[in-house]
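Both complexes below contain chain A, partnered by chain B and then by chain C.
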Partner chain A sequence: MTFNNLILLGSVTSFLTYFLSKLSYKIGTVIKTLFIIISMYIIYGNFNTPSSISINEINLNFNVNAFNIYFLVLASFVFLMTSLFSINGIKKYKYKNSYIFLNLLLFTGIIGLFGSSDLITLFIFWELITWVSFFLISLKSSLSRKAALVYIFMSMIGTYFLISGIFIIQNSIGGVSFNLIQKNIGLINTASANKVIIFFVIAAFVKGGVYPLHTWLRNAHGEAPDNFSPVLSGLLTKMGLYLIYFLVIFFPFTKLISLNIASFPFGIIFSYIGGISIIVGTISAILQNDAKKLIAFSTVSHAGYIVLAFSYGTNLAFFGSLMHILVHAFTSLGMFLSIAAVKYRTNTSKMDDLGGLITNMPVTFTTYLVSIISLAGIPPLVGFVSKWMIYQALIVNGSYFLAFAAFFGSIGSFMYVFRPLATVFLGQRPKKYEKIKEVPFLMQLPMLIITLLTVLLGVLPGIIIKPLNKLMTHLGIDPIESSLYKLVTKLTTLDMVLIFTVFGLGFLIALIVFLIFAKTTKVKQHEQYTAGEIVPELKTMPSMYHYSKNYYKPFSRIFSIFPSLESIYNRIAYFTKKIFDIFDNFFYKETVNGYVWIISLVFLTLIIIRWL
Partner chain B sequence: MIIKFLIRGLLFLIGAFIFQVSLSGFSRKVVGRIQKRYGPVFWQNFRDIFKFLFKKTSISHGFIFDFGVLMAFGGTMATLIFVPFGNFAVIPGQTNFIVIIYLLAIGLLGMAMSAVGSGNPNASIGISRALTQMLGYELPFLIIALIIMFTNQSSSLEVLVNSQIAGTWNLIKMPLGAVVAFISVMGMLGKKPFDSPIAPAEIASGPLVEYSGKYLGILMIQHEFATVIEVGLFVNLFLGGGKTILDFMIKYIIVYILMVIISSFLPRFKVEESVKFFWKWGLSISIIQAVITLGFYFS
Partner chain C sequence: MINQPVIIILIPLFFAFLIPLISVFSKKIIKIIPVIAAFINLAAIIKILSSSSRILKYFSISGYKIPFGINLIFNYQIGMFLFAINLVALIAFLYFYKNEFNIGNKIAYPIAFTLGLTAANGMILTGDLFNLFVFMELAAISGYIISSHRKGYYSTITYIVITSIGSLLFLLGTASVYNVSGSLSLNTISTGLQGVSGQFIIIISVLFIISLSGEAELIPLNSWVPKVYNKTGDTGRIFFGSIFSSAALFAVIKVLILLFQGSYSYIYEVITVIGLITLFIGEVVAFRQENIKKMIAYSSVAQAGLIIGAVSMAIKNGIINKMVFNAAIFQLFNNIFAKGLILLGVGALGAYHLNNLKNNNKKLLASILTGIGVLSLIGMPPFAGFWSKFYLIKALVLNKFTFFIIIFLFSALFEVYYYMKFLQKLFFSEGNKTKTKKDISFLTYGMMVYLSAIILLIGIFPNSIYKAISDIFMGGIL
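And now, the complex of A and B:
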């Protein structure tokens, strides 16, 4: 089957599953999972075979090639994991069949977007995804509807910029297919090139959730259905970053590719914006109370890393950002799925109400733990590899502000990822959660796969580096020096297997020391040091001895006087509304005054026209 | 080959243990003299550690409580392997600064997990303070380290040390940065005035509140190893490491005792005060240092 038929089949299947899942939602989810597996196979089989769909003289062109295969594989993987998870995971949802239908349509859209070989096709799928995800976000509750409205509004701003950019390209190059752009990039003059870059980047920043345009993320991520959040964070934000990747390759504005068409130092500006995005995302994530909103802000910070490294303009940084896309997809899958698993059993993701779930949900806990270690960039997991490359690139060139931002994000991430670990999984377990069980096996499976892959790719990063190096060579960028587990840069060599072995041996020695001394005495959860005070309530109400509210209170005191961007936007919106209220009151209120105004205005216009 | 490295590693760990524990015992004596006390004997810390290790009862609060302690202890030992000690490195060529900084975090994470896993709110408060403070002291330190790595175009500590032995110490090349890094290392060690995470009178020793017996013994050893790493980093980065192990040890002792003396005079910061202190003074001075050094470097 060719790629275009896959897209058509995807849309048809999604409609079919809507009706099939009316019978039983499990049928729908299983079909969805199977379809994703099949399409993975088809994508693989269609390498370098262009195909197209024509509807009313509009051609949708697709081509799976070295440029986009990485994103396609990543997209299918993320969808496969979430759809395995949602076989059981959507049990409590109100609109199950709509969820399945929209989810499969979204998958088709994503595949179409990444597989497209011209900008108009990309734009059409971009819009499709925006609308589908709008409905998906609003599926849950009234709160999520408001979040979805903010999302669609901001996305629309981005979309207009995107289409304007595409028009400029069409006018100056005479076509929008990727091949043509690459061939005729010289035809475009610098002024239009600058415009295109700015327009595209605005669209990318909105979708990617990068600093000044990130405000939709918090509520959209926090209020979206739990099984959809990982896709939203791990994949849909990558759409924006895919656009930046496109720019770097086809519209080079950095020194990475010798042909630099921008007259403006865009690379530096964007990487600084990325740096600010890291800092803002990190600080905001630390101050959140809801686990999902916390991860949403971590997405802002990690989008910042990727933007920073993409626009930094060295091959090491470019490689680091490509890898970081994978890392962030993995970590956000792991984190969101484990929080979704907790929510599946407890019906809440508010960190203040949870606690001590580790004994009930060990697999979920392990997934979360491994994901956050990877997210914080601690060796020997995969998160370290990508961050290490970004650091190397920054240190080699002595960019201390950007390095400061990167370090800030890394150490700050330690703070915010630890909070759910401490308040959801550790500490005192409330009485009502005593009998909670681990989630069903099909929900554990994707979490286990992600955990294993995070460790495996961390110890043997060569597995992923080798294909990425091939991709770099194909794009005309120098590949980085590496073997299966070694990475070589100008500064030093990194040997992941060695680090893993040393750590393993260290752990072994610790275990031996631990075991040779006397056996331990296990105590109950409520048997605590209470400063000599006898607290009988501790046994019946353990949550009173659980520290989770305002976990970083001292830290938030530092930032109490800083204004938030969201409130500034709200204030602008309020101000604009007030201004338009004046017109509203004059013209549209059903008063005599208003009609008189309108009538006299119409007459005035008529008279003027007659005179002319 | 592997066995050779194993033996070297084990010997290094044991040596570091004996050296640092006697030194910290000695430092108790120094503090005692400052406070006009006699102070304990220098092997007092050995007595403490072994007494705790051989206790018959030690309370466990479940799996993660044990696992975190092992992760902390194992992670810290693994980190120590990558720190060169004078002309001695356990695995020559593998002394990457960034690896050390991040591996150190795994020990911290294990410690934090285990402490919070005990279920005591005092421990949680202590950990939240420790992590907050970490955002303070790490940043200026990393910026200074970045400048050093950039000017030498290497992140291997051995290379950095050798370039200092051949030329001048970074302490002389960038005095402002050295001062900032010194204070940052004090923050890392949790010495006063940066000891709010373990404030004994406020939150009952914070993270350590629920530990007893062998757990406490192991964590004390872990703390000593972490001290070796952190002070060792300072000596390697700013004082030119050492031509021999003895050379390194002398520099190390001077730095450590200086820290102990300074900290014994100071009261405790609130945690947000210490973060503000590091951001206001540490960061600004380190950025001034960056501008000066990079200015010289590029001109």
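And now, the complex of A and C:
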């Protein structure tokens, strides 16, 4: 089956699953999962086979080549994991049929987007994904609906910049297919090229959640349905960053990034924006109190890593950014799925109300632990590989601020990811959660797969390095040296199996020591020293004095004086609304003022135009 | 006679005057007469379309040669517009037959609707200035009656005052033009106007622009729009939103192109600015509305501003820029169906106020169909409106009209926002049902499905429709 038929089949199947899920939602989700598995197989089979849907002289062109097969496989994997998870996970949702239908339609849209070989096809699927994901976010609650509105507003800003950039390219080059653009890139003059780069990058930053266009992420990811957040965070943001990689197709890599092109020094600016995004994302995540919003901000900081590494310019950094896409997808999958699993059993994701679930939900705990270790970039997991490459690239070229930003992101990230671990899984369990069981097997399965893959790809990174090398050669960038389990850079060579063995031995020793020698003392969670004062909240609202409440209060005191971009945007929005109210009052209220204003306006226009 | 386009005007006129005659015998048959009129008209249009050409032709009536008699203009593209308008009129009349016949005077409203259809067809077909005045007056009169369908008396009075001002200015303009050029037929006036002083042109352009803006929902004479849309009945809203506004807009475009023939570029610059101001103010005010009927009214105003702005942007020095012009006309064509579907859905669901949309889960199909109309209007794939916006942006970027693009896309952002907010409240609002409208009949569902199917078909085959509608005024005119 060819790729274009896959897209058509996907649309038809999504309608079918809507009607089938009316019988039983499990049928719908199982069909969805099967479809995703089949499509992974078809994507592999269509390597380097262009195909297209041609209706009425509109051509949607698709091609799977070394560049997008990475993204396609990643997209299918993320969807497959969430789909497996949602076979049981959407049991308590209100709009199950719509969720399954929209989810499958979104999957079709995403593989259409990544598989397109033509900018117009890309744009059509981009818009389709925007409105389908809007409805998916809105499914959950009124808070998620407000967040979805902000999401679509900012997303449409990006979309309109994107379409303007696409038409500028079409004007200068005469066509929009990628092959044509690659051949004829010389036809575009510098001014238009700058405009195209800026427009595409704005669209990419809005979708990818890079500072300063990231303010929609917190609420949209935080309030979205739990089974959809991993897809939102792990995949839809990558859709934006995919656009940045396009610029490498169009403008030869060295021309785009190097410091001595006659036009704008884009490379430096984007890498600094990436660095700032890392720092802002990390700090804001530390200050959050809700687990999902915290992970949303970590998406901001990881998008910053990807942009920083991409714009930096060396092939090592480029490889690091590509690998980091995969790392971020895995870690956000792991974290969001474990929090969704906890919510499935306990109906809450407020960190202050939970505790001690490690004995009840060991698989969930392991997934979360492995994901956060990988997120922080600690060997021997896969997160280490990408971060190592990025550090090496930054250190070799001596960029101090950016290296500081990258390190700060890793270290700071451990601060914020540790908090849900400590509050949700460790500590003492409240009485009402004594009898909670682990989630059903179909929900554990994706978590186990992710854990396994995180460890495996960390020990044997060569599995991923080979396809990524092919991708880089396809784009004209020098590949990095690789072998199955060695990471080779200019400064040093790391043997991942050795590192894994060392860490494993260390873990075993610590485990043995703990089991033999450790003694535990039970401490009441709400044991607080009140200096003789009578505090009534200790009995009525004990969660006020839970040890995890205001965990990082001193830290947030440090940053309370910093201006918040979100509040600036909110003030602009409020100001705009007030101005629009003025228009409403002037022109359409039932007073004479409006008519006088309108008539004066028209006469003024006539006079100005005629006599200018 | 059967192949002449004049029959498209005569059929509804005949049935409108039949209604009082039949009302003497039986009041019950009256409710089916508008439906029959629209249906026969649609059949006549299809028959005439099959034998028409794509070049603009002038058809004289009763053998009087141009420019002594009234003449009509017709070609395949205009036939497509007539088809769209009469189709939406048929759907509106079916809705009226099923749901709203018993509201108000049973004789006056069917007459008003049928006469309104006559007037809309006349505004599109006519090629003569004074005839346009007559049809605009007819549209206004039937509009007065339609707008009072649900006791909307204050809004009707506002509408009467404003369109009377417009008609007066139009009459003045027509008289001046006749005085100078000696003819009233649109194709011969421009030759008569050559050599006339520039100030005279300014005066008549002011008169025409302002007067035509009344019916076409442009600034400065459009403050009646939110009031009338708020107070009229559901069928009346479909009429105003889809039929009258599109026909009047088409008439404005016709006058602009055929009367001034592309010279006097300052006229077109003024109209572009007016169009952009209308677009911006329309979207901005709609953004703040809580009343859905008013929200759609302001959105209709903004779309009218967009289309006029784009059309007049396309004309420079006597040359029409084909890409921009055809894209704007395509947008007008799609809007007929999209607005018709949205207004039909809003009326059928009873969705009148954003805070009162309670739990429409039982009427999910109707909500989804209304959603299709909304998604098409804001330009989402795979619906029709996506392609018209796409072609419009493409044409504007290609011709480097930067200022226009900035205002257009800025306003479009807000349009997406408030329509998506509306859809969210339609699909997902929680709360207990307060008073619900009675159930939606199978006939209404059928009509909504039919309109959605048309929108989807245009979305899947946009190029055929685009080619079928393009180049209306080419072929020997400019």
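Just so it is clear, the second predicted complex is superposed on the first by the 538 of 612 C-alpha atoms of A that agree within 3 Å, B and C clash if a C-alpha of one lies under 4 Å from a C-alpha of the other, contacts with A are read in each partner's own complex, and residues count from 1 in each chain.
The working rule: contacts are C-beta pairs under 8 Å (C-beta built on N, C-alpha and C of every residue); 3 or more make two chains touch, one makes a residue touch a chain.
Computed from a predicted structure; not experimentally measured.
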{"item": "Partner with the higher number of touched chain A residues, chain C or chain B", "value": "B"}
{"item": "Chain B-touching residues of chain A, taken from the complex the two chains share", "value": "356, 358-359, 369, 373, 376-379, 384, 388, 391-392, 394-398, 400, 403-404, 407-408, 411-412, 414-415, 418, 421-422, 426-428, 490-495, 498-499, 502-503, 505-511, 513-514, 517-518, 520-523, 525, 528-529, 531, 542, 545-548, 551-552, 554-555, 557-558"}
{"item": "Chain C-facing residues of chain A, complex", "value": "55-58, 95, 124, 127-128, 130-131, 134-135, 138-139, 142, 145, 148-149, 152-153, 156-157, 160, 163-164, 167-168, 170-171, 577, 580-581, 583-584, 587-588, 594-595, 598-599, 601-602, 605-606, 609-610"}
{"item": "Sites on chain C touched by chain A in the complex", "value": "202, 206, 210, 219-220, 223, 226, 266, 269-270, 273-274, 277, 281, 284-285, 287-288, 375, 379-382, 386, 390, 393-394, 397-398, 405, 409, 412-413, 416-417, 420-421, 424, 427-428, 430, 460-464"}
{"item": "Chain A-facing residues of chain B, complex", "value": "6, 9, 13, 53-64, 66, 69-71, 73-78, 81-82, 91, 93-94, 96, 98-99, 102-103, 105-106, 108-109, 112-113, 116-122, 124-125, 127-129, 131-132, 134-135, 138-139, 142-143, 146-147, 149-151, 153-156, 204, 209-210, 213-214, 217-218, 270-272, 275-276, 287, 290, 294, 297"}
